[in-house]
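Just below is one structure, and these are the notes that go with it.
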Amino acid sequence: MTGGIGAAIWQGATVLIGGALLGLVYKGIDRKLAARMQARIGPPLRQPFFDVVKLLAKENVVPDHAIAWLFNGAPVVSLAAVSSLLFYLPLGGFAPLLGGHGDLVLVIYLLAVPAIAMMVGGFAAASPYASVGAQREMVMLMSYEFPLVIALVSIAWRLSTILPEASVFSLSVLAANPLWDWVGPLGAVGLVLLALALLVVTPAELSKIPFDIPEAETEIAGGLLAEYSGRNLALFYLADAVKTVAMAALLVALFFPYGLADRLWLSGPLAGLVDVAFFLIKVLVVVFFSVIVVRVGFARLKIDQAARLFWIPVTGISLVGMVLLILDRVA
Amino acid sequence: MRRLPRSFKRALWVYHVATGSCNGCDIEIVAALTPRYDAERFGIMLTGTPRHADVLLVTGPVTRPMRERLIRIYDQTPDPKAVVVVGGCGSTGGVFYDSYNVRGPVDAVVPVAVYVPGCPCRPEAILDGVVKAAVELEKLERSEVSA
Amino acid sequence: MIFVTLVRQLLDRPATNPFPTRHMPRSIIRLLERARRGKGAIHPPVPVPAGMRGKLVYDRDKCIGCQLCVRVCPARVIEFRSEQKKIRMHVARCTFCSQCVDACPVAALATSREFLLADTDRRSRNLIVE
Amino acid sequence: MNNESQKITTPRQGKTYTIPIGPVHPALKEPIEFSFELDGERIVGVDIRPGYAHRGIEFMGMKRNLIQVLYLSERICGICSISHPLALTQAVENAAGIEVPPRAQYIRTIIGELERIQSHLLWAGVAAHELGFDTLLHLTWKVREKVMDLLEDLTGNRVDYAIPIFGGVRRDIPAAKGDLAHAVLRYYRDLLQGLMDAFLEDKSVEMRTRHVGALSRGDALRLCAVGPTARAAGVEKDVRQDMPYFAYADLEVRAITPRDFEQEPVGDVFDTIIVRLLEVAQSIEIVERALCEMPEGELVSIPKVAALLSFLKKAEGEGIGRHEAPRGEVFHYVRLEAGIEEPIVWKVKAPTYSNLMAWVPKFMGAEVADIPIIAASIDPCMCCMDRVHVADRSGRASIRMKEELIRLSREKTRRILG
Amino acid sequence: MNALSVHAPVLLVATPLLAAFVVPLVAKLGSTVRNAVVGVFTLLTASLAGLVAANVLAGSGAPSVYVFGANPLNLTLPSGMHVPIRILFEVDGMSAFMILITALVAVAATLYSFSYFKEHSGGEMYYPLLFLLLAAIFGMEETGDLFNFFVFLEIAGIAACGLIGFRPWRGRSQEAAFKTMALYTLSGLFVLIALGLLYGQHGGLNIAYLSSRVGAGMLDLVALGLLVVALGTKAGVAPMHMWALDAYGEAPAPISAVLVASSQASLYGLFRVLFTLFGAAVSVAALGWFLIALSVLTLFVGVTMALLQKDIKRLIAYGAVSQIGYMLLGVGVGFTTSGSRPAYGFVAMQGGIFHMVNDAACIGLLFLAAGAVHRASGTRDLNRMGGLGHDMKWTAALFAIGALALAGVPPFNGFSSKLLIYESSFAASPILAAIAILSSILLLAVFMKVFQAAFLGPRLLENVREASRGMLVSMLMLAVVVVVFGLFPGFFVDKLVTPAAKALWLGRDAYVRAVLGG
Amino acid sequence: MTPEALLSTFREAFGEKILSTRTVTHSVGRERHAVHNVWIEMGRETLHDAVAHLTSFSHLHLSVISGDDLGEAIAFNYHFAVGFGERFGEVVLTIRVVVPKGDLRLPTLTDLIPGALTSEREKQEFFGVVVEGIPDPRHLFLPQEATFHPWRKDEAAAIGRETRHLVDWETPHE
């Protein structure tokens, strides 16, 4: 029994630390590739590690007007939420550590929590820029959740019609039974549309250009994070890094959960290694297309433009995807 | 008392304060961030708020209204921090030496770690200045800093 | 389409000149030390053209103490030391306009191409020319 | 039209509130303070408080000899640092009756136009940055380095070229360097279409700039706007065309408006992008022609510095110098008196000074998120526009600002949510 | 002991009734004595509620009958009668569940009232009305007879209106009381007509008896329609929700919380009518879709209108309306899928019912916290408060817990019941699940705004003091429920919700049998 | 617009009220093209009419107003650009108004040229002249309560007290 708990703690710690490291590595890759696309050398891959270490060494200022307990609590909650996200996501060939029943909804909430924590922190800072940022974050949250939720629910629903016994509100079930294997051409088109919608949602979830409106440096001086420094800022920094991985892993789990190992008739530890490597590459591909390229290739939108984008075209696309999935069942 | 971590100098975030400069140096600071010089390869990042900054890049001879602002920004910057003055006019007053509205140079207002003379400084001179600041920080790495 | 440019730049060599090193080294002091011992670890800056106006050079012997340079200097860089009838230049103030060079009737002044002048003391020896 | 000016003066009644922005703010590379009056999130009033970068340059200039003033004028502003010296030298030459040799006039023209290329690229990058499009910033500034190198090669410095002197220029452009310049110009010629596409064909740039900060032709005229700000509004005003000087008298220069891009001018930010990019093309052409047609001859009419100083000391009279800087007309007025080294009067007018009022209709009706790009759209340079600002009266305003801004943001969110 | 246990159902109604008469008498002796008496009665009532519920749940929710004046007490049909004529209570798993909710809210509200009304007197009428309201709610939940149900409904209505208009010095509250009264009277009239129709046709008003008699005849359907409209109105289902906003918004905070329980009692009545009374008579799927349509409308109205509110209590009131939508959604989906995919249907029922208790706890908590905010800042206008978190740490934290629970954020109780609804409603249509999830997220945003506007930012008001200890304790009580139900949903679903759901879902026959035998 | 044409319309309209005129012509470019600066001096009573007259036949651009402290009086130079929009079409016209220090008043031009406001406000604060009818009398650059006028030569002493001499080798740094 104790052995079981010990192992669980071990696994948990591995996922947490691994997630944080991975997040920072991807952030390094992100900055490097973005720099290269801008014809610059860019920072070294390890730069995010330097940043975090430096931030931890800095003074942690709590502004005079801030509500200290909320101000300091927000970054912790933010990091905790994204980290616990990792427990529910299938990583590589491994099933998620936790989860099962209903974790899909949990994941939706856990994705929203960091944004909310940031908002609370921003409001608690009582800085006008932070407050404007928090307001903008809220509007963003309310816009991009539409397509996200529609996509997730449609996929789960379609699977439930195929496997009526399965607990489809669970990521591991979704990942274990990729829909592509079951649906007809209509459904496949629907799935592609949903994937597209989620690719657009990703940069918004991650507050990256063109949706970094809550943090817009030139408009509101870093917005939500304007008053943060030192350790608190480091926690947000880490949370952002981990969230990037988590979001990408979510897309991978939903749309491309396939492993490579069984296709190559591998087994044993080698198979695990191959699958993990393949998983990391898939995550990288998602990050590359929906984070790096997008943030490098677009201007920041205004908040109402972004909201309109999500409310109309992106939600529209995901609704069409849903309808196609429904038709696919009927057909 | 604590030690400055070794990678501190490899992740310097800078905040730019123009205190009455002529724009010459400010533009060269921006140039230092762009592809030809790319300050980001040293981990240097321009931040939007002094709260995130480790280094203040100050340009200009400090006009009277900017004096108090500069002090406030300096106070807002969390420790440990360093001020790098970019340009001859910020370092000494330069051509703006006998005006009724100038209260500089910068070191008459806040403590300065490194001066970068030049009018304006070439982008690489600015990078050189930041590297010199990094040398100073490295010296601190070996001793202890009061937090 | 900007994406074509992006892809091209991603694959091309970056436009960056890696002065003085590619990234911030673990120990910058050691790096500078090595460079001083001639191990050539420092990448040179972007080459400057022949006529670039950098730090001033003063030929003390040629100077006749006419003070023309003092008169034209816009930044009060030049201190005339009347006992010696020579000048002293406080380079930290200089705008590198080289008007003093033009003004000097005996060509005692010239500009060099040295521009990496950052210093921790604005009155340091490096920044005084006499 | 009086309404427009009224708006900055009379505080409006009703449910509006005021937020100050600046003087130190990431969107403002230089210090200036705006005070916006907002109704919901629409801007219904704006008050502009410059003064933070004021160093009292005219005051200092009236205490120094003209050669010193020349370099001081160069440091009025370092963005297009040749503009003020070019205007000042003209003013002094007109006042003192100094002839400038033709070759020197061409060289001044060439440097002035290269400066325009540099400055417009700089602006484009900064504008992209204000829009959160850093890639375009990097792209434009990467290519800008080419002209910076050329300028450094021709003059000895990247900024503050120290090239004009009363009666001529201080450096020649020998044939070898002319070839170098031709190569650089060819580089830009090839590049320009791509750059225009990157800015003018990009959907997200268009979304952020079309119909943002519009200025009508009438307002531009009545408010005395200058430069690309006025030309984007369809006012064909350009000193190089209206009252040519230097080599512009030989090279036909036409004021560029969005009509050259087959667009009816509306004076919004998008139009200012069009005008500035087309002017880069125009400048390339001008420099190429000037290089080819540059006459041989003297560089400066009074070569000896000491002689020049004593000539200027003896001079008497008043003169006006104007130059079409990248941001619009730079205007200098000097009056000299015999026997006095210092100018008796030195009045400087920079483009931002004229465009200050044009900000008002541009901001009017815009949203908070548009503030940075509209502020940038006239390409302001506070440092030279700023005048005396003796005391600081900020303290209380910034305390109020927090509450106001918080309330504003609440209202705004409610509007978006509702 | 045994006698107590046997008579508990009737004592549960009698005790608060008694209290309603006693309290005005002792009130003359000063507020301390009065509060002591009120406290004793409240605790007594709560214990009785616990006892009743425990008895029923011990029998895993099987209905138990208490016939007034009969001997033995469960003798429903004295010899030779085919129609139950005596007044009788019939308590099953669902009733027990409702009783527990009411008791929980009652205790919290009373405790809160002690310090909330410390300054102004007027308690002479307040507590009696409160007890009257409680008695009526318990009665609605226990009775097995439609006419009694109607009587309790009317009593509840009158008491509620008295409480809503309790602060006579504020014009708005009078207006709200009047509006509520008008609607209550109207819906009471509807119920009365429906009863007339049913009685005229079947000659009795006992639910079990009627259930065995009603068919899909025209008049029966009209009666059903009238009952649905009337009870839906009283429960605050859109589009008949308007009174609820005024009532919740204007009533004193603890009363708003009790009104939530009273609305839920009406909702209970609605469910009873649909499942037990007409369960066998009408097309289940169609009825289900009707409920779903209502629920979506309610969700939509609740959430979108909440976005626009400036008044903190009205905003919470809209939140409360939207939650009714969730309950209806769960039950509606239960109806529709009962034939096609019963596995999902039952989960939906569980979700809808579980959400009732969760809603009572978190909305109650929010109302109480809003009351504290109102007391401290002197305003309910969100634009005029701000920075209260500096001085009201505990209230802020408790409010946050309530808000997060309401928005269905894990690990609070709202999440556990909503999850059941999400993962079952999509069996009816995936769009329903999407709507349900999105409504929650919108609610989250709404309450983010409220929290920010009230508690965060710089201090705007001077001399703000934290809520009194009594208020905090009563809020804490609800918060504990919110957290515990959120952390161990499985336990409560097993012990409380499943019996209740079974009683509604499968329990019609048992219910009828308990009265009519056979 | 030629300077002669410009001057003749002025003479027609104002006759005696024109105190003096002067045309300065420079030649530019290889073809020695002529460009003109026209200077007209008038009393301040005629200033507004003169500008109204100008606006009646041309778009008018006010570059700036410069001021010149003559000792007993201050001269204000209104620098206009007339006739812009075509090549060599422009003339710089400077209307000079001398105002005695004892009676420092000027009429506002903002009703004719709203853009004149910046320059007029500046002249008010820098020279202490009162611009009558100015729609916004606040200081633009100076604080509202400032009383001294930086470009007045007779106030040099007050300004001098504010001046910092930042040359450390001349005045050792404190």
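We call the chains A, B, C, D, E and F, going by the order they appear; numbering starts again at 1 in every chain.
To be clear about the criterion, a residue touches a chain if its C-beta (ideal position, glycine included) is under 8 Å from a C-beta of that chain, and two chains touch if they have at least 3 such contacts.
Worth saying up front: this structure is predicted, and the values here are computed from it rather than measured.
Participant: Relative to the centroid of every protein C-alpha atom displayed, which chain's own C-alpha centroid is closest?
Facilitator: Central by C-alpha mean position: chain A.
Participant: Count the C-beta contact pairs for C-F and for B-F, then tell me which is higher.
Facilitator: By number of C-beta pairs in contact, B-F is the larger.
Participant: Can you give the whole-Å distance between the Cα centres of chain A and chain C?
Facilitator: Computed value for the inter-centroid distance: 49 Å.
Participant: What is the distance in Å between the mean C-alpha positions of chain A and chain B?
Facilitator: So the centre of chain A lies 36 Å away from the centre of chain B.
Participant: I'd like to verify one number: the distance from the centre of chain B to the centre of chain E, where each centre is the average of its C-alpha atoms, in whole angstrom.
Facilitator: Whole-Å distance between the two chain centres: 64.
Participant: As a quick test, compute the distance in whole Å between the mean CA positions of chain C and chain E.
Facilitator: Here the centre of chain E sits 81 Å away from the centre of chain C.
Participant: Using the touch definition from the top, which residues of chain C touch two or more other chains?
Facilitator: 2, 6, 14-16, 18, 22-23, 46, 74-76, 90, 93, 95-96
Participant: Counting only residues that touch at least 2 other chains, which ones in chain D make the list?
Facilitator: Chain D, residues with two or more chain partners: 26, 51, 54, 56, 59, 71-72, 75, 135-136, 138-139, 142, 145, 160, 202, 388-391, 402, 406, 410, 413, 417.
Participant: Where in chain E do residues touch two or more other chains at once?
Facilitator: Each of 445, 449, 457-458 in chain E touches at least two other chains.
Participant: Looking at the complex, which residues from chain E come into contact with chain A?
Facilitator: Result: residues 341, 387, 389-390, 393, 396, 408-410, 415, 418-419, 422-423, 426-427, 430-431, 433-434, 437-438, 441-442, 444-445, 448-449, 451-452, 455-459 of chain E touch chain A.
Participant: Quick check on the complex: what are the chain D residues that touch chain B?
Facilitator: Within the complex, chain D contacts chain B at residues 23-24, 26, 29-31, 51-57, 59-60, 63, 71-72, 75-79, 81, 122, 125-126, 137-138, 141-142, 144-145, 148, 158-160, 381, 383-384, 388-392, 394.
Participant: For chain A, which residues are in contact with chain B within the complex?
Facilitator: 31, 35, 38-44, 47, 49-51, 53-61, 129, 217-218, 221-222, 225-230, 233
Participant: Across the complex, what residues on chain A touch chain D?
Facilitator: Per the touch definition, chain A meets chain D at residues 37-40, 65, 126-129, 131-132, 134-135, 138-139, 142, 209-210, 212-213, 216-219, 221-222, 296-305, 307.
Participant: Which of the residues in chain F come into contact with chain D in the complex?
Facilitator: Touch residues, chain F against chain D: 24, 26, 28-31, 33, 35, 37, 59, 61-64, 66-68, 77, 79, 81, 83-92, 94, 110-111, 113-119, 122, 125-126, 135-136, 138, 140-143, 145-146, 150-151, 159, 162.
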